[in-house]
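These notes open a run of structures that come right after.
Each of the two complexes below includes subunit A, the first together with subunit B, the second together with subunit C.
Showing the complex of A and B:
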């Protein structure tokens, strides 16, 4: 009985989620980032006379650097709470999770703070990426051996 | 044309993630993990390469391309070294991104304090 009352009160005070608006903002920010990525890629290939795969590395490092810098300066969190998945799903989210973990735990020391917490959030991405890539790679390899 | 496609592709990936985030109990951590696995799966039969060919930077930015790069590096080593190439080539293409993220976050953690 008490629980039900409590749940009713919680339901009443829940902030009304603007799902459509969130989705639109995420779409726009993600799209703009993708567009910037393509522009940078083209720019690097022409400016420094790089091959497309080398320019890809430069482009990704640029984004990682900017995301880390903005996180360190402290206003990337506000941008994330505004754009949500628009900033978390591109590679900027990966860099953001690592830098914020590093800065948050720095007061606990360089080894047990920064060292052991750096991959706290990014670790899942690497773990499941590597395991799934190995698994799918095995399937592809065996198929090529058999066929 | 490639600019429009990269806008649409990257935007759509983020849109799907945002819809999942808003309508389920999954956290951003779950979603990025799922997307990496999806990216690795799509590259198993070369589908993600097509996205990269037509969408360019828009397909390289989302975290799905991380899974794609992992398996792409692994598979590119198998013709010369066989089965063990899967282990040798795994980080070939993603090494730059991971190293950059580690170095930058360490350096910035030396100079900046948490804001709150």
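Showing the complex of A and C:
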């Protein structure tokens, strides 16, 4: 049971978070990132004469490389602090979470450090990504059987 | 539980801080500033050891102490197994007590040291503590390069090492009394709002201290909590008034609100935290104030949130504790 009087005091002194502003920035930066992805996609298909699905892989690899590079150079965390989910939700956030963990634990060595901590943040995304992919794959399969 | 001490004095003190603390308003008061968060070491943990060791070395120099003169070392920090304290104290080769009460560690050290000295079992002791913003981030939160966005109520772990030399020889500052705090559970679960976790702990200890000593806040020139931050400070003031009818509006402040410049250092959010936060402010500024007559009597209340990520993930509440010591300028 919570101490209601105390909770009321805590609530009273809680600062307002600028949720609308944060969401707006995330929406815009995420959107710009999507636009860049589309431009890269178009560029790769025309430049290297690739199919759209092949070019998608190239585009994702480009983003992963850049996010990891910027993390290693030490300024991606500042970009994340500004853009928040605009950079964390796309593939850049995934790459960033792995690179930052790798950098953080490199002093504990390749096995106990990098090896066991690389997926510290990304592990959750992979696990539930695979589980939900299976789940939605099953739904699609059942719908197609029915249809 | 409050004890009076007859014969305990603060002979000397030393503070070493990092770049963020040096950008704050107390810059000129610190003994040494390391602009490099790594301190030329290759990990955050080793850097924290470096900060604490530097502060111990400066303390020895300032008080012209030989290692052999030290009867006991009491130290604590935030790292698992209080690693920084152990490694930093190694070179002193003195009897060592490792302590932990999160951000209330500095005062816990003073309480233990004072009790030993007052009982006559030892003549002097060093109490020390440290914290490092990035070793804490690594241990308690995310990898440091991750830079996860934080709410305004989050606090910023201070970087540095601070030590104190307590002795039975009369000096300008007397440790007059001390109150050992209790474990306080107010059902708080948000590790990004430690002010709300710790305010009831501070309130309980301040109330107990004033009751045991039969005093009011007016008997002190200054009452200082450790690291409640902007919002925790306001919570404490209102909670004290409503629960105990004790008015803290006149002579109360919080070390977490004094260490950084809120205008230019937006990354600190609600303010400073960590064991060394209150120690940096108290040892660099408040003790000097007692020496030069700005204050006659101050009550230092260090507040600790006993935050264990494991316990919180297992749906436990975050417990709080606060320890207090009252310091007086000797005549």
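Everything that follows uses one rule, which is that the second predicted complex is superposed on the first by the 119 of 147 C-alpha atoms of A that agree within 3 Å, B and C clash if a C-alpha of one lies under 4 Å from a C-alpha of the other, contacts with A are read in each partner's own complex, and residues count from 1 in each chain.
The rule is simple: a contact is a pair of C-beta atoms (placed from the backbone, for glycine too) under 8 Å apart; a residue touches a chain by one contact, two chains touch by 3 or more.
Because the structure is predicted, anything quoted here is derived from the model rather than measured.
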**Prompt:** So, A:3: does it touch subunit B (first), subunit C (second), both, or neither?
**Reply:** second
**Item:** First, second, both or neither for A:76, with subunit B first and subunit C second
**Value:** second
**Asked** In the superposed model, does subunit B or subunit C contact more residues of subunit A?
**Response** B
**Message:** Taking the superposition on A as described, I'd like to know which of subunit B and subunit C A:84 touches: first, second, both or neither.
**Reply:** both
**Message:** Touch test for A:122: subunit B only (first), subunit C only (second), both, or neither?
**Reply:** first
**Asked** Between subunit B (first) and subunit C (second), which does A:12 come into contact with in this model arrangement: first, second, both, or neither?
**Response** second
**Request:** Answer with first, second, both or neither: which of subunit B and subunit C does A:59 touch in the superposed model?
**Result:** first
**Prompt:** Looking at subunit A, which of its residues have contacts with both subunit B and subunit C?
**Reply:** 17, 22, 71, 74, 77, 84, 99, 101, 103-104, 107, 121
**Complete:** In their shared complex, subunit A is touched by residues of subunit C numbered 42-43, 138, 142-149, 151-153, 186-187, 193, 196, 200, 230-231, 234-235, 238-239, 242-243
**Request:** Spell out the part of subunit A that touches subunit B in their complex, as residue ranges.
**Result:** 17, 19, 22-23, 25-41, 56-57, 59-61, 63-65, 68-69, 71-74, 77, 84-86, 88-91, 93-95, 98-99, 101-104, 106-107, 114, 118, 121-122, 124-130, 132-134, 136-141, 144
**Touch list for subunit A against partner subunit C, complex** = 1-3, 5-6, 9-10, 12-15, 17, 22, 71, 74, 76-78, 80-81, 84, 96-97, 99-101, 103-105, 107, 120-121
**Item:** subunit A contact footprint on subunit B (complex, rising order)
**Value:** 2-3, 6-15, 17-19, 21-23, 28-29, 31-33, 35-37, 39-41, 43-45, 55-63, 65-67, 70-71, 74-75, 78, 83, 86-87, 90, 96-98, 100-102, 104-106, 108-115
